[in-house]
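Sharing a structure, written as structure tokens. Questions coming.
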Amino acid sequence: MSSMEAGTTATLRVRPLSDSRVTTLVAPALFGVLVIGAWQLAVQVFDIDPFIVPSPRAIYDALVDSRASVWEGMRGTGRNALYGLLIGAVIGILAALVANAVPVIDQMAAPIVAALSVVPIVALAPALYTMFGAAANTARVIVAAITVIIPVYFNTLRGLRQVRVVHRELMHVYAASPVQIARTVTLPTAVPYVFTGLRIASSLAVIAALIAEYFGGPVDGLGKAITTAAASSNYPLAWAYVIGAILLGLAFYVVTLLVELRVARHQPGT
Amino acid sequence: MSRALRLLGRILLGTLGVLLLAGAWEAYKALGPSNGVLIGDTTVLPRTTDLAMPHVWEIVTKFSDPVNSFSGTDTVGSVVWSACLFTLKLSAIGWVIGVVVGLVLAVLMARFRLAESAMLPWIVLSQTVPLIAIAPLVRRWGSQIHIGGWVWSSENSVSVIAAYLAFFPVAVGALRGLRSPDATHLDLMHAYGVGWWRTLVKLRLPSSVPYLLPALRLAAASSVIGTVVAEVSIGLRGGVGRLIIEYAQSAGGDPAKPWAPILGAVAVGLVAAGAVGVIGLLCRPYRRGEAT
Amino acid sequence: MISSSTTESGTAVEVAGLSRVFPRRRGDDVRALEDVQLTVSQGEFVSLIGPSGCGKSTLLRIIADLDAPTAGSVTVFGKSAQQARLDQDYGIAFQQAGLLPWRSVADNVALPLELHGTGSRARKDRVAELLELVGLGDFARAYPDELSGGMQQRVAIARALAESPRLLLMDEPFGALDEITRERMQGELVRICAETGAAVVFVTHSIPEAVFLSDRVVVMTPRPGRIIDIVDSGPGDDGRRDDDFRDAAGFFHTVARVRELLHGGPGAHAVAAIRGVENR
């Protein structure tokens, strides 16, 4: 098959390899297995010190052995991330509704929103602990919430502006009240965009909650666990907690995706 | 004329917004309870002591105060300024690396559907890894690398981490953009006997511009965030991240001081995103028909 | 077949001295409509036909209160266009069906009823009635993305009829359909109008479509947009608007007359080159 035919247009010929169910699941799984296999091999062949990187086998063993505390860590970080996600989503959506209804507010808030969108969590965390007290989880929840507000706000605002002209004119012809217009057309049109924002925000919330743990606060959570394990040179365990963090982020993402599929079934995607 | 007026209006409104925020801060500080507002055991609104919430003007004037009590030392402002430049430089390097890696991956995934299926889920998953845990690791790995006389420095580690955050939006955005041409346009290229790589240059890359630009901007902001996180994690001297931690430790005696590098980090992020935004202005013809 | 002389007397739409100018930043203003005069009687079917830029859609939108004239007046059932819109005296069908993708077919048809406070029992009954009328009774629970273009357009027409309006405004509703579906839809529309007795103002690009459907064909021309002439159309008092009518001599005669007017032949004022009108 010449290179010209191979990838240019959609489907000139259907190759067995491009059966979609096979590719979406098998290909990445295979890729992952290959990488992990190569990793294991490298550690064994080059006799790499766990200080540099432990073998996948060692990490797996640590994960299995300490699964209870990994789970506890996931629950701790996950709780903060969840609160942050919910609070941030509500604030982000409300703020976008207000900014859409009153453009002046949108322009006044613009620099603050822009600043929040570039602020590193590590910068805010210490200040927030001072403001809210280092003994509680509040600062972590707030950090997660701020991380969530930004993508939810931007994407929701975008969605609110995507009403099609023909739908707008239809509402005008029906002499619909502003509330009716919002309920029947503006909000439903925005739903797919809100979910895009939530999907992005979901795993960001986990990372934010975890990073915030490095700067203070109570002892629960994966971040604290990673530091403790690394401090006592138990690198496979530290990596096991990192795996926990990845799984947590993945879980948040998948749940958000499932909620979206359930709620927005007949919506055209963004 | 009216465009200049509108721009002026937006600047004024933006400034008004910032002033209102400062006003709200001071108003809460004056009126709020010193222990903060509590619901049950949880503090939902911050404590209003001078320690927890320094006055806005204290934060502003802090920039011109000397860094410490020794005579003849620099002002906080100048220290933060140099740190910001340092961080900006590292994040720019990280951004460039991230953009190159992201584009290469995107082209690879656009060319081979199999590559896309195999790699994209892992690329998405890569962003769930907490960087702050990985940063020391990168430094350890880097310290093992000696090529000729060149030795890996901590600064390289920071740029790599910045690149790690930056490559993701570029890879995803570029992939979407490369796949965005209409089927009709692709058929046209095919009918002209144009191969995949030339189609890439003539059609896919130009039509990916509206997707690439926001991705590049996001990558710039992410690169700055990654740089600061890495600086904090590695404790790199000279960067804004290190200053944030340093000053936070002396927050007990000087509550306004930590806010200076925080604002500095924000400024670096805004400058980075803005600089990339300027690129967007140069690409006007490729953005016709862009959705708002 | 409803003709204006047999059923209700009275005017549905009255347009007098209507002008609409679109100002431009660079270049000349666009005179979309200039001094347009038109009366549509109740129960009458009137088509607006002409090349691109002749103002037919603009005229329809002004009647629908989606746009305002720069001079002249428009009254709908004796009221201003705005009042007629607020009183919901007309139904409208756009060229794009404009169905809400997150609502089922039944919920889309029910939309105006819902907005205007009809109770849910009455809504259900009316929606079932309307879907039967347009031949989509089995598709009440389907979603727009599951329907073809023609079916979506039928849903849009059912929606336009939901509140039994006395006036129907239609802006090239069949423009996006293929010829076969189009002819079928035209037959459906004739049947529906006979049953409901509504007046219709119908914008089209297609001469045979205009001649088939209308009691009168209003021929327009651009730059500035104005009416050249109005041609009577129909199979006569003893004929029916059906497929036989499409083959009748009178049909072709009227089509030829309209085409002549559009090309600026004898009986019409000299007009600029005609583009964009179908002659099939």
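Things worth noting here:
Letters are used for the chains, namely A, B and C, taken in the order the chains are written, and counting of residues starts over at 1 for each.
Just so it is clear, a residue touches a chain if its C-beta (ideal position, glycine included) is under 8 Å from a C-beta of that chain, and two chains touch if they have at least 3 such contacts.
Small disclaimer: the values here were computed from a predicted structure and weren't measured.
When chain centres are defined as mean Cα coordinates, B lies farthest from subunit C.
If each chain is reduced to the average of its C-alpha atoms, the one that sits nearest the average of all protein C-alpha atoms is A. If you average the CA atoms of subunit A and of subunit C, the two centres end up 50 Å from each other. One finds 55 Å separating the Cα centroids of subunit B and subunit C. Inter-chain spacing, taken between the CA centroids of subunit A and subunit B, is 17 Å.
By the touch criterion given at the top, residues 3-4, 6-10, 17-18, 23-24, 27-28, 30-32, 51-53, 104, 107-112, 114-115, 117-124, 126-127, 130-133, 136, 138, 161, 203, 206-207, 210-211, 214-215, 222-223, 226, 230, 238, 241-242, 245-246, 248-250, 253 of subunit A touch subunit B in their complex. The part of subunit A that touches subunit C in the complex is made up of residues 164, 166-167, 169-170, 172-176, 180, 184-185, 188, 191, 264, 266-268. Within the complex, the subunit B residues that touch subunit A are 9-10, 13-18, 20-21, 36, 41-44, 46-47, 51-53, 111-114, 117-122, 124-125, 127-134, 136-137, 140-141, 144, 183, 186-187, 189-190, 193, 195-196, 199, 221, 224-225, 228-229, 232, 241, 244-245, 248, 251, 255, 258-259, 261-262, 265-266, 268-270, 272-273, 292.
Against subunit A, the residues of subunit C that register as touching in their complex are 64-66, 85-86, 88, 92, 94, 96, 98, 100-102, 111-112, 115-116, 143-145.
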